[in-house]
């Protein structure tokens, strides 16, 4: 691995693994993610995809191995605000509307230049549901509300855990389009999914998990 | 509709719709489901699939129109125990293990002849996780634990709301196989899904929802 | 003591009798007025809802074909 | 012949019919209530003599007792409507039950306040924890519970059914309020009015009281009609007859 | 296909809720600890004056126990609603009222029973005379199931709403008051050496009625609350 | 790309929690109603004897208010953990301690403030002399934020565990007792016409310390709790 390579890389994992009760959850992983790249995390149910993403997000501590961010050991305050994570739990308050939920997120993370809450909600397909409490949305509509965060907030690396689940065909196409735009603009993304991805912005990197 | 037809049909909907705040959630539906048939409920996010399934399950009251069960108006105590429902919420207690969760279900519904909790869990791919609290399972493993109910409990009609979500490819194939076995044995199923279904036991009936 | 005066002093119990009657009337008047106000609000909301529904129908009529998913 | 009553009920129970029916009767009921109320007040406050024991303080009786009676009467009416609503799912019954609750709560509140105001000069205290007083307070809480539960649901009809349920459970409290003076010995007055037998009250005091009781009944009817009409509009917002009314009232 | 009998279903239900409670046995201890803390705080807050404490002991223990129960009541159905198990229960081919009766029983066993067990300790901390303690226990073991049963109906009614907390308190108050009055009446009578049977019998009568009716009401209320 | 300033983030956080509380305003009223019920039950349980009630009034109001707060403490982070918003908060590019400080402030505003507002009413129901009420309010407005702050740290520590209830109560007890002793001491002194400033100053000093340290401790505790 050359020096030029490692400066260009956004995120780099070296012999990375996570221990639960002193047993590794998945076999050690080595991978590298550059700006403009999409990585697909593949593996069967229970192979550790969610665990990996939560570790990259800084929610779990690194078990063994090393994680580097822009060539230097990853520190939480270094990359704060540059990473967005979307997990199985959507992080939406059920009593607030999609609009209010997004406003709060923007208050903490800031906004992309030129992005507005209303425009983002329209783009994600929630027009007419802006002021409905999230509790009253259908499963796919909730997912869309969570995905709207990606469009609104500024971030370099997206960690998406099964972003396609519960979405209809139009929604799946929408996510694919969003991913393409993001990587074309120099962002990177790590996506877990069981199928449904179709990516036209270059060959995605594959990360295979083995339990 | 002849008399012979209506006796053979398990479930029949006539101009069925559900009202929220006096407005119909979906356009009136007419369909019929016979023993041995599979029906796919199709529609975009928010088109009312979950609402329909919950209504058929008796959890929501029938808004307008009519529902018939084996040719007679549907009454809850008539079909109790003949219908199994699997929704977006899985109905598993997170503090209990899959094994314990299934035992409770069997205590209330009874068991299929010859089915045992251990065998069913092995078949669904949870061997080794029988005694782990559900809280500690991955998303796909939780889904499998919920699906195990289908194999264990006796029921004629299955109402499955996105049974494929969160499952890996093996899991999806497994659900398809289970559905085939069930319909071949004279059962019926209503399934919502955005893709992923591949059914070889005859042409599935399609129910399209329009918001 | 003149008749109107005894009426108003209530034999020394004015501090109890008149507040009681005041409460009686104030509460019942409030009970009469509240639904009138609510009726006005309900009708206003209803008209707004009709306008929204009309707008939605117009929109649905104009672009009923959803954008096809990219292959 | 046996079909006649349910059919009639069903016809009257249809929202547009009831809306017109209530709209026609409401002004009459209100007029009667005001007229009878004025007569009763004149009789009670001016014509009736002072009580030999209580002096003029007893004049609170002309509002205290009718209100107290209404607080129970309305609860019973609400209970009946709630029962019909739960069993036959008639929308009008839900409306009547839910719109009775605020009126009943108002009368209960009046009873409590006027009773307190009467209690201070008579018993020397605003409040004691005796059986009748406490059970009347519980009645107020029950009304508030019904109102609160109704509004806690997002779906009106679901809320109406849940609240109707609570109303039915709470109905046991009504006989407790009424008979508490007989069952437990309390500070509060026992029965003094006896419609059929010999009342312990002189006629000069009795007739204004009875007139006021009648006036409050008419008031209840008038208020209920007005509230039910409004509620029907809110509930039937999707129906054509309501849209027509909304459009018509926008014009002037 | 062998449909289970009522007894099997009841035991399955009861065992389920007891197992769950045992898995979170910390939560069982919660009301107990709560009651202990309240009782301990009183001497601190009022000053450790024996006669005063003794005078208020019965009332304080009663109020404390009932409040500790109130605390746990709210959670009776909430987790089952959130994870969808209540839907599964409603759809099971068993009488819902009976199953809910079992849930209420389990709830009483896990919250009220520990409280009754430590009630003598609480009473002793406040110097309640030993002779009164049996009456206190009797009163508690009648008043607590009453509260569980009525509480369950109300909790079921508010299950479908978003602002359950306040409503529950509002609606429970009218039910708490008579129970406290009768129970405290019995304890006070015993403390003064008067006959205390009458209020106890009233409580018992109410309990018998509630055992029969409350589960039915609870089932009906839940069906209404889920239908949204 | 414009990162928001600290002030923006703080107001966003505060507004969020206040909006949420407002959406469930029934739950705000819950501790208040609870306190009202407790205070109402005492006359029933002890008999309506004025001098006795007056004697215990200050202590009962204090204990009641603190218990009502304890009641609401448990829920400070639980819903945020369940729906995943806490993860999002931890990942936000803002100092976590500050954000948690805002959460604690919002929690105090929505639970303690209403209690302090009705405290005079509670005191009056138990016939506490009017002159003592200002001291009671002062003591409460120092003791309640103390409880909120310490409570938040403990709730954060127990957030990852399954048996939070008991642990929370167990760990809060040693913190409650001194607060109650000082606060009750001030009220009792005022009721007897003695100087009451000393205990109030102790409370104030503790509060200043807690305001600085508790949010930091809370943030550290939460990071540990999430890492499972």
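Per-chain residue numbering starts at 1, and chain names A, B, C, D, E and F are given in the order in which the chains are listed.
Assume a residue touches a chain if its C-beta (ideal position, glycine included) is under 8 Å from a C-beta of that chain, and two chains touch if they have at least 3 such contacts.
On a predicted model such as this, the values are computed, not experimentally measured, just so you know.
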Shared chain contacts [subunit C and subunit D, defined touch]: none
Pair of chains ranked first by number of touching C-beta pairs: E-F
Chain centre separation (subunit B, subunit E; CA means) in Å: 37
Distance between chain centroids, defined by C-alpha means - subunit D, subunit F (Å): 41
Distance between chain centroids, defined by C-alpha means - subunit A, subunit C (Å): 49
Junction residues of subunit D, two or more chains touched: 148, 152, 154-155, 237
Residue numbers of subunit F (touch at least two other chains): 23-24, 26, 44, 162
For subunit C, residues that touch 2 or more chains besides their own: 66
Subunit E residues touching subunit D - in the complex, by the definition given at the top: 153-154, 157-158, 160-164, 166-167, 170-171, 173-174, 177, 217, 220-221, 224-225, 227-228
Of subunit F, residues touching subunit E in the complex: 23-30, 33-34, 37-38, 40-42, 44-47, 52, 55-56, 58-60, 62-63, 66-67, 70-71, 161-167, 169-170, 173, 176-177, 180-181, 184, 188
Contact footprint of subunit D on subunit C as seen in their complex: 6-7, 10-13, 16-17, 19-21, 23-24, 27-28, 30-32, 34-36, 38-39, 42-43, 46-47, 49-50
Interfacial residue positions of subunit D with respect to subunit C in the complex: 45-46, 50, 55-57, 59-60, 63-64, 67, 102-103, 106, 109-110, 113-114, 117-118, 120-121, 219, 223, 226-227, 229-230, 233-234, 237, 242-243, 245-247, 249-250
Partner subunit D, residues of subunit B touching it in the complex: 20-23
